[in-house]
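Okay, structure first, notes after.
Labels for the chains are A, B, C, D, E, F, G and H, by order of writing; each one numbers its residues from 1.
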Amino acid sequence: MNQEALKALLEATKSGETSIDEALEQLKTLPFSDLDFAVIDHHRQIRNGHPEVIYCESKTVDQVLGIMKHMVNERQQAVLATRVTTEQQSAILDAFPSASVNVLGRTVKINCPEIKETADYVAIVAAGTSDLPVVEEAYETVSALGHRAVKVVDVGVAGIHRLFSRLDLIRGAKVVIVVAGMEGALASVVGGLVDKPVIAVPTSVGYGASFGGISALLTMLNSCSSGVTVVNIDNGFGAAYAAAQIMKL
Amino acid sequence: MNQEALKALLEATKSGETSIDEALEQLKTLPFSDLDFAVIDHHRQIRNGHPEVIYCESKTVDQVLGIMKHMVNERQQAVLATRVTTEQQSAILDAFPSASVNVLGRTVKINCPEIKETADYVAIVAAGTSDLPVVEEAYETVSALGHRAVKVVDVGVAGIHRLFSRLDLIRGAKVVIVVAGMEGALASVVGGLVDKPVIAVPTSVGYGASFGGISALLTMLNSCSSGVTVVNIDNGFGAAYAAAQIMKL
Amino acid sequence: MNQEALKALLEATKSGETSIDEALEQLKTLPFSDLDFAVIDHHRQIRNGHPEVIYCESKTVDQVLGIMKHMVNERQQAVLATRVTTEQQSAILDAFPSASVNVLGRTVKINCPEIKETADYVAIVAAGTSDLPVVEEAYETVSALGHRAVKVVDVGVAGIHRLFSRLDLIRGAKVVIVVAGMEGALASVVGGLVDKPVIAVPTSVGYGASFGGISALLTMLNSCSSGVTVVNIDNGFGAAYAAAQIMKL
Amino acid sequence: MNQEALKALLEATKSGETSIDEALEQLKTLPFSDLDFAVIDHHRQIRNGHPEVIYCESKTVDQVLGIMKHMVNERQQAVLATRVTTEQQSAILDAFPSASVNVLGRTVKINCPEIKETADYVAIVAAGTSDLPVVEEAYETVSALGHRAVKVVDVGVAGIHRLFSRLDLIRGAKVVIVVAGMEGALASVVGGLVDKPVIAVPTSVGYGASFGGISALLTMLNSCSSGVTVVNIDNGFGAAYAAAQIMKL
Amino acid sequence: MNQEALKALLEATKSGETSIDEALEQLKTLPFSDLDFAVIDHHRQIRNGHPEVIYCESKTVDQVLGIMKHMVNERQQAVLATRVTTEQQSAILDAFPSASVNVLGRTVKINCPEIKETADYVAIVAAGTSDLPVVEEAYETVSALGHRAVKVVDVGVAGIHRLFSRLDLIRGAKVVIVVAGMEGALASVVGGLVDKPVIAVPTSVGYGASFGGISALLTMLNSCSSGVTVVNIDNGFGAAYAAAQIMKL
Amino acid sequence: MNQEALKALLEATKSGETSIDEALEQLKTLPFSDLDFAVIDHHRQIRNGHPEVIYCESKTVDQVLGIMKHMVNERQQAVLATRVTTEQQSAILDAFPSASVNVLGRTVKINCPEIKETADYVAIVAAGTSDLPVVEEAYETVSALGHRAVKVVDVGVAGIHRLFSRLDLIRGAKVVIVVAGMEGALASVVGGLVDKPVIAVPTSVGYGASFGGISALLTMLNSCSSGVTVVNIDNGFGAAYAAAQIMKL
Amino acid sequence: MNQEALKALLEATKSGETSIDEALEQLKTLPFSDLDFAVIDHHRQIRNGHPEVIYCESKTVDQVLGIMKHMVNERQQAVLATRVTTEQQSAILDAFPSASVNVLGRTVKINCPEIKETADYVAIVAAGTSDLPVVEEAYETVSALGHRAVKVVDVGVAGIHRLFSRLDLIRGAKVVIVVAGMEGALASVVGGLVDKPVIAVPTSVGYGASFGGISALLTMLNSCSSGVTVVNIDNGFGAAYAAAQIMKL
Amino acid sequence: MNQEALKALLEATKSGETSIDEALEQLKTLPFSDLDFAVIDHHRQIRNGHPEVIYCESKTVDQVLGIMKHMVNERQQAVLATRVTTEQQSAILDAFPSASVNVLGRTVKINCPEIKETADYVAIVAAGTSDLPVVEEAYETVSALGHRAVKVVDVGVAGIHRLFSRLDLIRGAKVVIVVAGMEGALASVVGGLVDKPVIAVPTSVGYGASFGGISALLTMLNSCSSGVTVVNIDNGFGAAYAAAQIMKL
C-alpha cells in the first residue's frame, strides 16, 4: 500500500464509500510493506548525501555494471564500489571513464564530491606496508562519505619511536582507525596514547599462527586500552563507515 | 497508536476534523509500535492453544515465580518451564501444587492439557541413557505443545540390532527426533532408515574429543543421510518445537 | 538368500526334504543381506516418484555419465544431479540434450516432471545475491522432488523493510528455507515472524571472521527463535530434501 | 629527570656552569621516563573529570580497599569499580557507606556526580533479561563517565515487534550500544534501523554451540549492517567507555 | 519373532496349516528385530568370557547398583565398571564386599578371574605419574578382558635414558599402549623403537596450550612413526579394549 | 664404532695393547651412534621382507628418483612409494618400466612380491566412492607389506542394508580398516558389528562443517563402539601399516 | 650394566674367561640402559648445582612430601617446588620448617642458596598486577637456578609512559622475560625496545575472547619484533628455566 | 625538534633570549618525535654490524628492488632478504649480480661478510627433508647476523638412533634450533638431551590433523623438556634472530 493508496483509502473513508470499520480493518492488517515508504524515506533522509555502496567481491562484471548504470545514469547517485577486482575495474573504466580507481585499495568512486580541507579528520594509522590495501579502502570510504582522512603508515610497535614521531598528527584527529595484522599490538598502544574513539581493523597480514587475521582480531578484542572497538578482519570499509557516523554527529 | 486511536483518527477524518493530508501524515509516520497489536494478534492466533514457554536457566527463583503468577493467575495461560533448577522446582511446587514436574527433563508444566492417544506421533529416539535429560525435555515439550510423543531409548549404533528391533515404532512416526551424544552416528543411521523428517539433537554426553557436544554436532551437520536437520547441543526443546510445527501442518 | 531361495526352503520344509531344525538353522543364521530385498522394496516404495540424486563434486565426468546412463537408459529413472561442474554440465548436455541445466545452482535434471502450480509451496528466503547459488540448488531440489518452490531474495536484515514487504509471501508458505551467509541473522528474524517449520542454510558468503560459513552456522544453531533447524554450510540440497519430506506429510 | 632537575639544568646552562654541548648531551640521552610528567599531565587533563576505574576481578578484597582508600581519601577522586564480587561489595560498603552499589551490574561508584537529564543520551539496547548484568555494567559506566544512558531491554529479534515499538527511543540516541547473547542478531537489525554509531557487545548468554559468547561475537563481527563495531564478550564497560568517548566529541 | 515363533511357523508350513506363500510373506516382511537373537547369539559367542562393562560417569549410584545386581546376581556375569566415582565405589563395596576397587584407576571388578602369567602381554607405557589414572584404567581393563598387562611408567622423553632402560620390557610385548599428556611425544618415540602394534592414548594432563589433551591428541595423530593408532583423550579403557581384541587373534 | 671396531677393541684389550681403563673409557664415552648397528640390525630383522616406503608429497621428481635408484639398483630392495604425483609417476615409469602404478591410490610399487591368497585378510571398508583414493592407498600398502586385503566399498550408513549384505565378508577378516568421510558414522556401526580390531581412517571428503575431515575424525575418536582406534585424516598408509603389524603377530 | 660390570667384562675378556665373541655379543646387545650412567653422569655434571624441580599440580600431599624427603634428607639436594597448593604448602612447612614459601608464586624452596648481587640479571617485565603469580614463579625459578632477577611490573602498554620510565632497568638486563595476559602486546613493544633475548610468557588473565590465554599466546607468536620466543600459557617456570640456560652461557 | 633546534634553544636560554620558564615549557611539551634520534642512534649502535632485513612476502618486485637499492647503494649496508619469491630472486640477481641466493631457503644476501670458523656455533636440527626450507632460512639468517651455524638434518624421532649418532655435534653447540613439522616431537627429545638454550620452530609440514603446523606448535609449547622456547610456524628467521641475540651475549 503506497502513499497514493493510503490517501485513496482516507478519501473513501471521508466520503463514506468505505465504512470506518472497513478502513480500520484494512489499516489494522496492512502489511508492513505498505508502510515501507515511511521507513525508506526517513532512512534516506538521514543518509542524505552518502553515495550508494556496492560490495563487488561475489558479483560478476555484468552485475556490477548493471547496478552502477542504474544508480549513476537513472538515479544520478554517487557510487562507491569496494573489493573491485582488476577485471571489474577495467570494465567500469570503459563504461565510466571519469571513474576514480584506487588500485591498491580495490575501490572505485563515481561522482563522489571532492573533500575540502577541514579541521576535523579521521586518522588512519597502520602498522606496516602490507596493511596498505586495507588502509586505502578505509581512506577512500571516509572520503566518499564526505570526511577528511589522514594516513599514518608504517608505525608498527617494533619500532615505537616511529609512532611517537607521528603522535601529534594522530592525537589531532577526531576519530582514529588503527589497521594492523600479525599481532595487532598497535591498537592497544594507540588506544593508550589518545583519548578519542579508536576503531581497530585486524588484517590478514601474517603467516602461521596469525591464522588469517585471528591473532590480530583477538588482540584487538582483548585490548587493555579502554574504549577500543573492533571490526571484521580486513574490513577497512566498515571501520571507515563507523568513523563517518561519528564524524557527522 | 492503539486500535481505538486509529478508529478515532478515521472518524476525525470522516468528520473533517482532521484533513486527509493531516491524517495521511499521521499514518505515514506512525511508528511500528502503534501497529504492534496487529502483529501480536495475528501471531497469537496462529500459536493458539500453545502454553507460554519460560526458559529458566538464567533467572532467579523470584523472577520465575513472578512470570508464572502473571501468566497463570492473571492471564489464565498454560505454562511450560524448561531448564528449571532444583531450587526453582521446589518453589514452583509450593506456589502451584498442581504443577507437573519432570525431574530428569528439568521441566515444569502448569495447566497443560492431557494429550490424547492419536495415530500421529513424534518418535524421540536416543542413543544412550545419558541422553535421557534431553529426551525428557523434548518429550515434555512435544506434549505441552499438544502432540503425542513416543520414546525409543538406548538404541545406539554400537549394538545396532537394538535399533532394528524398534524400527517399526520409529518408522510409524510422523516426525523423528534423534538424540545422541559422543559421536552422534545414530542420526545418520536413522536418517537412512526412515523417510520422514528427522531432527537431530547433539548432546554434550561424552568426554575428551567430544568437546562438549561439538563432535556430535558436526556428525549430524555432515550426515550422509539426506534431509537430517539439526538443532543446538542439548536443545531438546528446540527439536520438539520444530517437530510440533511440522505436526500441526 | 533371495525370494526364490526362501520359497524353495519353505517348500523343502513342507515336503520334509529339509527338516524343521535344518530350516530353522538356515533361517536363524541367514545373513541380513538375504533380507535386503525387504528393506529395499519397502524403502523404495516410500520414495516412489523421487528422482535419483547424484552428488557430482568428487566424481569424474566418466563416472557421472556412467551412472546417469544406467539410471536413465536402463532403469528409466528421473535424475537430479547436484554440484555439477562446468565440464560435467557440458558432457551431460552432449549425452542428454534434453537435460535441464541450472548454471548458477550447478544442478542438472533429466526427465523430472514439471511442477504444477499448487496452493502449498516452500518459500526459499535469502539474504543477498551472493547466496543465490545455494538458493538455486534448493529451488531445483524442491522442484525435482515434486513440490512448488518460491524464491524471496535480497531481504537481508540490514534493510529490514525489504523483508517485511515480502512477509505475506513468506508467511503463506508451508515450509520456509532461510539461506544466509555473513552473520546469518535472517534466520532468527524470519523464525520470529512465521509460525511454520523454518530450515536454515548457512552459506560460506563472507570474509575474515565469517570463517567460511561458521559464523552463520553458529548464529543459526543459537537462534533465539524457537524451532529453527539447521543444515550444513551451503547445503541447499539438504534443506530442500528436508522441506520435501515435510511437504509430503 | 623531573621538572625541577630540568629547570636546574637550564639554569646551569644559562649561568655557564654547564656548557651547551654538555646540556645537549644530557637532553639528547635523557630517558623517556624523565618526560613522563608531560605525558601524564597532558593525558590526565584530557581525561579530566573522569573517575578512576578499578577492575576488581582478579584482586583481593584488601587490594581493592587499598586502592580505593588511596584514591578517595588521599586524592579525592571519584571511583568506578567494575566486576566487583559480592564479598568485595560488602567490604566496600563497610569502608565507604555512601558508596553506590549495582548488584546486578557488579559495579560500585564512590563520589561520582549525579547525571543531569540531557537531550543527548546513549541507548543501551538488549535482547533478553539474561543480558542485564552487561547492560547494567554499561549503564553505570556511561553514567560514571558523565553521560546520560537509557536502557531498552527485552527487544530480541524473535519478537521483532517489541523492537519496533521502542524504535523512536533508540533512534533518538546519539550512540547506541547493543547487548546480545545467543546468536546476537539484534546488532545487525538495530544497525540497519539507525544511522548512529552502533557498538555491539556479545554476551556469554547461551549454551551449547554459543561457545561462551563466540557465536554472538562472530555474528557481530560479520554484521551485514555497515558501521557496527564490536567489543569483547561481556565487556559492557568497554562499550560504555567507547560510547563516552564519542559523546564528549 | 523369536526362535519359537519361527519354529512354529515352519511347522505350520510343513503341516499345511500355513501356505507357503503366507509363510513367505511373513518371512519376507519379518522385521529385523525378529532376527535379533541371531545377531546377539553370534555376537555373544565371540565375546565369550568377557565381563560386562559399565561406564559409570553419568549414572546415579542407584542406577549403577541396579545394573550390577542384575548382572551379578541374576545372570552370574563378571562385571568391570569404569569411571566409578568415590561415592559409587563405597556403595558398590557395601553391596558386593568381594568387589575389587582400583582407586586411582576408578575401576571396580566383580567376579573377574585372576590373570595367569603368560608369555604374551600388553605393555602399558606412560610418560609421567600424572598419567597414572589412565594407565590404571587400561591395566584393569586388559586384565578384566583376560590378558596380562605390564606397566612401564615415568619414561617421558625429557629423560629418554629412562625409556631406553626399559626398552626390552616394552619390545617384549605383543601390543604396546602408550599413555602421555602434555606434548605426547612418547608415542612417536616408542613407535619408532618397537615393531608391534602401538595404541596411543592422549591424556588431559597439562595446562595452557595443552587444551585439555588436544595437544597430545594431535601429536599422536600426526606421529611420524608409522602404524601408531589413537583413541580418545583419557580413554584408557578404549585402548585396552583394542589391545585385547588384538591379543585374542 | 661398528662391529669390527668393537671386536678390534676387545682384541686389543685382550692382548694388552689397550689397557682396561682405556677400553673402559672408550666404551663409556662411545657415542650412541656407535651402537646403532644393534638397533638397526634388530630393527631390520623384524622388518624383514618389508619394502622401503617413500613418502613423495614434498619431494621433487629428482629426489624421488634418486632415492628409488639407490634402493632398487644398489640395495636390491622392494619399494612402496605413496602420495606420488602424476608427474612423479611418469618419471618413475620411465626409469622403472616394471613399476606398478595405482593412479587412484597415488602409489607405486617396485619389486614387491605377489600376494598369495590366504585365509587371513584385512577388510578395507569404505563409505563412498569419494573415499576410494584412501582405500586404494591402504590396499596397496597392506599388499606391499605382504598381506591379503579385501575391499568393501560404498557401504555408507545412509543405506545400511548395503553394509549388512557384505557383513560376512567383513566379519571374516582378521583386521578391519574403516574409511569414511563426511560424518564418519560407518566406523561406529562396523565397530558394533564385528569383534576384531577396527582401525578407522577419517577422510577429507565433505564440505562446509566437515572442516576437511575434522568431523569424521571426531566421530571416530568418540565412537561409542569399544576398541575402535583412529589414524590421521586421509592416512590410508598408516592404517594399513598398523593392520599389517597386527597381521604378522 | 654399570661401570663396574663393564670393567669386569673387559677384565674377563683380557683373562680369557670370556671369549671375544661372547664379549662382543654382550656388548652388541647390551641395552641402552646399561649405558645410562654415561648419559646421566654427563647430564648431571652440566646441571651441577641446580636444585631438583618438583611440579606439584597433580600430586597428592603424600607424594610431594615423599619425593622431598628423599631428595632433601637422603640425597642432600636443594629443591624447588612449583604449582604448590595451599594444602601442600602447609604440609611442607610442617615437615621442613626452614622451607621458603612464595604464596603468590605458589613455589617452595628448600636449601636453595642465597643469590648474591651480580651485574648480570634477568628482567621480568609484567603488564599488570593480575600477572603477578606468573611473575613470582619466574622470579623464584631464576633465583633457585642461581641467577639474579629483577621485577618490573604494571607497565602494560595502555599507559606506555610507565614502561618508558623503567626502560633503563629493562635494557640493562642480559635476558628479558615479558609476562602479559589479555592481548599480550607488551612483548612486541619490549621486543622492539631492547636488543637482548626476549622470552614471552602469555598468561590466562582476561575474559571472553582472551580464551584462557590464547589471545596473548597468538600475539606473542606473531610478534612483529624479531627474536621474541614464547613458552606455554602461565609457564613462568619454563621462561625462567630458558633464561637461566642463557645466563649460564 | 632535531638536534640543531635543541642546540639553538639551549643557546637562546644561555643568552637570555628565551627565559628559563619558556625553555622549560618547550622542553616539557616537546613531542616524543623530537627525541627520536636518541632512540634511533642508541638502538642502531647496539645493532651495529647487522645487515638490514627485508621481509619480501607481501612486497612487489619494484618495492623490494627500491628498498635494496636505497640500502646498498646509498647507505652501503649489508642486506638479508627473506621469503623471496622466484620472480623477486631473478630481479635481484639482475640488479645485484653479486647477490647470494639460497633457493631452498628463499633468501638473498648482499654484502654480508663471510663467517669464519669459530668454536661457538648454532646447531640447526631438523626432523625431515621436508623441513629444509625452514632450516635454510634459519641457516642463512644466523650467518648473516655474523655467527656460525651447523645443520643436522633428517634426525626425526621415528628413527631415534639417527639423532643419537649426531648427538655430540648437537651438544657442542651454544644454542640449538630444532625444526620439526608433523607432530614436532623432536623438540622435546632434543630438549631432554642437551643443556643449552633450545629454540623450537614448528613447520607446516604434514597433512590432515597437522592443521598447517598447529600440531607441531602445540607439541612444542607443551614440551615436557624444561626451557624449550617456541617461535611462529615456519619462522626460521625468528628462531635464528633469537639465537643470534644469545650468541652475542
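In this section, a residue touches a chain if its C-beta (ideal position, glycine included) is under 8 Å from a C-beta of that chain, and two chains touch if they have at least 3 such contacts.
Computed from a predicted model, the values in this text were never measured in an experiment.
Fewest steps needed to get from subunit C to subunit H, stepping only to touching chains, is 2.
The chains in contact with subunit B and with subunit E alike are C, F. Counting every residue number used by either copy at the subunit D-subunit G contact, under half are found in both chains.
The pair E-G is the one among E-G, D-H or B-F whose contacts match those of B-E for more than half of the residue pairs. The rotation relating subunit E to subunit G, fitted on Cα atoms, comes to 90°, given as a multiple of 5. Centre-to-centre, using mean CA coordinates, subunit E is 50 Å away from subunit H.
Averaged C-alpha coordinates give centres for subunit B and subunit G that are 55 Å from one another. Taking each chain's centre as the average of its CA atoms, subunit A and subunit H sit 39 Å apart.
Centre-to-centre, using mean CA coordinates, subunit B is 25 Å away from subunit C.
Residue positions of subunit A touching 2 or more other chains, listed in rising order: 32, 208-210, 214, 217, 221-222, 226, 232-233. Every pair of chains meeting the contact definition is listed here: A-B, A-C, A-D, A-G, A-H, B-C, B-D, B-E, B-F, C-D, C-E, C-F, D-G, D-H, E-F, E-G, E-H, F-G, F-H, G-H. Interface of subunit G with subunit A (complex): residues 127-128, 156-160, 182-185, 188-189, 191-193, 206, 208-211, 214-216, 218-226. The touching residues of subunit E, counted against subunit C in their complex, run 3, 6-7, 10-11, 13-14, 16, 20, 23-24, 27-30, 32, 35, 37-38, 42.
Contact residues on subunit D toward subunit A in their complex (touch as defined above): 43, 46-47, 53, 174, 195-199, 217, 221-222, 226-233, 237-239, 241-242, 244-246, 249. Of all residues in subunit F, those touching subunit C in their complex are 129-130, 161-162, 164-168, 205, 207-210. Listing the residues of subunit A that touch subunit C in their complex gives 31-33, 36, 39-40, 57-59, 63, 202, 204, 212-214, 217, 232-235.
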